[in-house]
Each structure stands twice: as structure tokens, then as C-alpha cells.
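Input: a single structure, listed below in C-alpha cells.
Lettered A, B, C and D in written order, each chain numbered from 1.
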């Protein structure tokens, strides 16, 4: 086991504890990964509790996404992680938390015909590296919760081919995916998205 | 006192601390139990604070639900725990938290004629062992808050005889019951239900 | 300084930390007290932060409510604590937290002509010693936020003379008072009231 | 490095941890400062995570706001901090948290033509030193989120020249600024404002 794999594993375990403590990884939901220097990936095992991860529950995948050992089954959503790493060479970590706000917002947007979520007039948009002013906005696409992950990954990739999708997307009734150069940067993007999703949901709860 | 009883007691004490910290066991509400290999049960004593349980506040019941010592009175809702253990041979632990969301949802469903709660289009439904796709839904029955627990337990059992009730039910104005093979699995079901109840309550707070 | 005063002080300091951590004692709000065996009282000093109390910030009052030392000024609301101790011989501790839910509920009831708050159909009502069934209800009076505390204390006492007020009351825009035989029991009543106030506020936020 | 600078730095680091833990400093948002006896200031560096500040991320500015070393760039909003210190000689610390409630309230007031927020009938207004009765009210101005900080600082100063602005202001979609004689007093003002902003937002979510 390489030092790098151990280091990334420790970061993913800590990220799981942090996001679980904030209610964003209930039960066995969510999954977390990081890119390795050997072209492979570290990713959480399927069916595990992401708030109480052990080192054995982080699997080492090769560049094609195949587990290097057969100790456990990688996340059922591995293909969604790989799609992001292939599309964004600078992405070093992918986090998929499962928050109440993202679940509800994605359902509401899905009910409205899978309309992308438009985030604007928030200073916090500057938390994303390429937004240097709150005057920028961020469009977050919403995908149907297709259970065939290969089909969903293709649909996400087709969308990203056509439209810029700089920092994240929603899956209906399911949560969100975001990424960053490092686990730490990806965690900051989780914080920013969750804050913005919270704001959007709160606005929808106000009396008309 | 058997090693197994001590181990299950420690798990229930820890579960109480966890659920209390999340606001799901206010004051002296709720009760927690586990099945023992001798056919008996470990269950919290009546009137205790479930966030600050001591070993003496976990009682050992025999297979018929009678306390093996007279040190304290078992939970007033013991019959509801026993009903679940008898109905589901695989159930190893029963948790009854008392959350705001479950209290309100159960009241609202009761006001609507005790309509069962239908949970669907949530990826998190896959947190329950037999739901392998979000396309499945889960129906959660709602029972009146009858204070004669023997009568309520019979009503719950009659319902379960007629309708599958795989993972939990609500009592009006009172909270929910859920179970699992182990205390740990039952805790994951609490997390899943609480997430889903939170979503349902939030949806009802949106402007029409 | 008596052992008893030191013991009650330690309990009030811990209660302050607990309630502050739950957002119920923001800034310098709220006040806490306990009855002593010598007929006097331990009470928090005016203007202090109740989440970070030091032993010096708990003052020893005699039976008439006068401080035994001039080290600091007792809570401006001391007369409200004394009124409760005189009216309820069994009250050993009085807690006055300042939660968002109590603040808002009390304002809304005040706007509706100071209508008392009626709590019913909640299993958690059984958290109060004399409510042995959820079928009981609890009526919580709401008083105007009169700044002359002697006048307010008299108004509270006049109300209690006429109507049973077993476990607590609200002051408009201000928070709630509750009490118990011990600091620990009073804390459980805070938990029960806060849960019930949260439920009532959430119900008012649902779409009609 | 002076002892005083080190002491103020430690206070700002602790304040960052406290406010981050309450969700008021998500991602890299917010900034914190304190006035020094030498006429200069301690202020957080730009782009850092305010919940995980290190000593190196607190910069020493001279009286004109220029960094004494070139180790890092001071907060982009330094001019807003300096404006407050110049306008209020008694201000010893300025905190700019970034909470959901302040973000939403400021947006809603901005949509209503930048109407100042009027806070009244709250006992907690007494948390501010010069409000000795809940009968007082507090008017909180709302400024547009101008990205040219020099222009925004001038607009804030012009407003304060005309209208008393005793304890804080909002910037649309951005958060709030508050101050106090010490970091500790400024933190209490953050608690008071956040409580009051929470109340105001909750009232707006009730059914009409």
C-alpha cells in the first residue's frame, strides 16, 4: 500500500466524519474518492457507513476503475466518480454527500422538468475558484436518478460536453456531486453548495 | 449478569447518547431494547433520561417480558418491543426515538384519518436492506396514541398480520419505532427514517 | 461559602453551558437559580454570559432576595425567581432560557391578545410529573414584557393565584420560565418545553 | 511580533473556530479583525478558511491599513474594517460572519428597495450596551453588494454620517458586519444579531 494511498485514505475518512456530523451522510449513503498519482483512485466501499469509515473500507482502484484487491466491492456509483476525473484533469477529489437540502431541491427541480438550478446574487459564489465576483452566477444541472449508473454517467458526460458544469451537479432525490483539486478544496465546495442549497430551499419556504 | 447482556447494555447506552445528542430523546422520552441469546431482552427502565443512561437503568427481561430482578420498572412500552421481536425473528434491536419531525408527521397523518405515510422517490430508501432501488417505496403506518399499551400492541400486530410493515411505524404525537438485526443496524434505520421524515415535513412547509 | 451553595453553583454553571450550546442563552440573555437549605438562593449575576459562567458569577441571596456580598449585582429578574419559589414550595430550581421558538411563540400569542398557549395531543406532556397521559393538556400563560420586574412578578403571581400554572410561562419576545424540584428536573422541563414550542412553531409554518 | 498582536491573533483564531462551528463562516467566507494599541490592526488573510486559521494567516497592518510584511494578502474587505475603526473610536474588534439568515434577510430587504431592517419588541436588544430596555428598537441598514470595496466603504461611511448605526449592518446576499470594544463583546453582538435575524426570517416563513 503506497504512502500516497494511505494519505488520501486518511483524508477521505476524515471528510466522511466531518460530513456525517453535519447530517450529510445519513445511514450508508454517499461516497467519496480521490485521484492517485499512479493514475488510479481511492474510493469508499459499497454499503459502508461513511461517518465511521475504517482504512479497509477505502479501496484502491486502477486507472480503469478495477479494484486492485477483491477485499470489498467499490461504491456502486464508481462510474460517476470516474466520469468526473476523466472530464476534469485538475480534479483530485470527488465528494458525493446526501443532504436534506440537496435531496429536496433536486426533487423540486426534477418536478419542474429537470430545470437546472441557477444560483446568483450570492457573495458565496466566490468560494469557487473561477468566480471572482458575486455578479457571476452558477448553473447546476439536475439529472434523473437512473439506477443504471453507466447510463447515468453517460448522460452526465453528454451534458458536460455541451454545457460548462464547473463545480457540481444534482441527482433527483439523491444528493449532489462536487469536486476539487484536493479533498480539502472539494470539502470547501461542499460547504459552499450546502450553504447555497440551504438558502434556495429557505427562500422557497417563505410565504408568497 | 452475562457478558452478552453487558455488551448489549453498552450498545443501548451509547445509542441513547447518540440519539439524545441529535434531539431525538428529549427529557425522559423514548425507549431502547435488544434481544439476547437466552430468549430474553435488555430494555431501558421507565422514567429514565435516555441520554444519560447508567448500566443499572438497563433491565434484563426473560422471554415472557418479566424483569429478572425487581430493581426498577421496565419501560411502560415494553409490550410494543416484544410484539416486534415476536413478529420479526431477525430483529435483534428495537429503537423508539421521539423526534420533532416524527411527532409532527404522525399528528398530521392522524388528522388526515390515520393515512399511512408513503415514502417514494428517495435514493435513501436503499438504506433499508430489502430496498435495492429508489424506485421502491416504503409505506409507514400511523397508529393512534392509545395509552393502554396492550391494546396498542395488539392493534399494531393485527396491522402487521395484514400488511407488510418492513421497517417501522409511527404513533400519533409520539414518535416512531424501528428495528434491525443489531443495535447498529437499527441506528442506521433511525438515521434513514429521520432523514426521510425531515424531507417530508420540509416539503409540507413550502408555499403552495 | 457552604458546600451546598458550591454544589448548586456547579449545577447552574453546567446547566448554563448545556443550554448555551443549544442556542437557548445567546449573548448575555437568560438567568438561572436554585433554592438553598438555608432559605436563601443561588442566582446568576446580571449581565454575564450564561454559557461561560464562573463561580464568582453565581451570587448567594438570603431568603428576602438580598445578596450576602456586594461582589456583583444579581439578575435583574430576581423577583421573578423569588415569586416562583414562594408560590411553589417544592420548586428547587428555576431556569429562564431564551430560545428562538419561545421568543417567537410568545410574540405571536401576544399579538393574538396574550392568549395562553394550549399544548395537547403530545406524548411528551408526560415528561411533566403530574401528566400521566398524553390525553392531558398543558396551558402556558403569556405575559407582556413589562420592564418593571416588580410589576411583572405581581402580575404573574396574581395569575397563578387564579389559574393553575404547573410548569412554566412565557414572556412576550423574551423567552420562558420553568422550574423543578432540582436543577436536573428543571433542565428536563426545559427540554420538554423547547420540544413542544418547536413543534408548535413548525405547525404554524406549514402551508394552510 | 508584539505580545498584544499575538494575543489578539489568538482571540481571532478562536472566534473563527466558534463562528465556523455554527455555520457562519462557510468555505473561505467572512473576515475578522482587532485594533492594536500601536494604532494598527490584526486581520485575517484573504482566501483562507476562517474555521481553521493559523497564526500565519493573521496579518499585522499599520494604522493606514498597509501590511507590515508581505507574507500574504490581507482580506479584500480590509477597507470596510478600517471604516468602522475610524468612525467608532471605541471599536476594538470587527467581525464579519456569513450566515444563511443574514444572507437571506439582506437579499429580501434589498429586493424591497434596500429598506433598513427594523428590529423591535425583542428582549434580546438589551444585549447591545446602549439598549437598556426592550422598548428600544434597532435599525440595521442594508447596503448593495458593491465589489469595489473602496466605493462600498465610502457609501457605508456616508450613511453613518447621516444616521446612527450603532452596532451593525447588512450587505445584500453577503452577511453582516458587527463590532465591539473587544473580540469577546463583538462575538456577543454576533450572537445577538444572529438570534434576531433568525427570528425575523422565521416570522417571514409563517403562513399569512
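The criterion applied here is as follows: contacts are C-beta pairs under 8 Å (C-beta built on N, C-alpha and C of every residue); 3 or more make two chains touch, one makes a residue touch a chain.
These numbers come from a predicted model, not from an experiment.
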**Complete:** With centres defined as the mean of Cα atoms, the chain at greatest distance from chain D is chain B
**Complete:** Whole-Å distance, C-alpha centre of chain B to that of chain D, is 45
**Item:** Centre-to-centre distance between chain C and chain B (centres being mean Cα positions), rounded to whole Å
**Value:** 32
**Message:** Going by the contact rule already set, what residues in chain D reach two or more other chains?
**Reply:** 205-207
**Fill in**
Chain pairs that touch, by label, are A-B, A-D, B-C, C-D
**Prompt:** If you look only at chain D, which of its residues touch chain A in the complex?
**Reply:** 23, 26-29, 49, 98, 100, 103-104, 107-108, 145, 147, 171-175, 201, 204-208
**Request:** Would you tell me which residues of chain B are touching chain A in their complex?
**Result:** 121-124, 127, 133-135, 188-189, 191-192, 194-195, 198-199, 202-203, 205-207
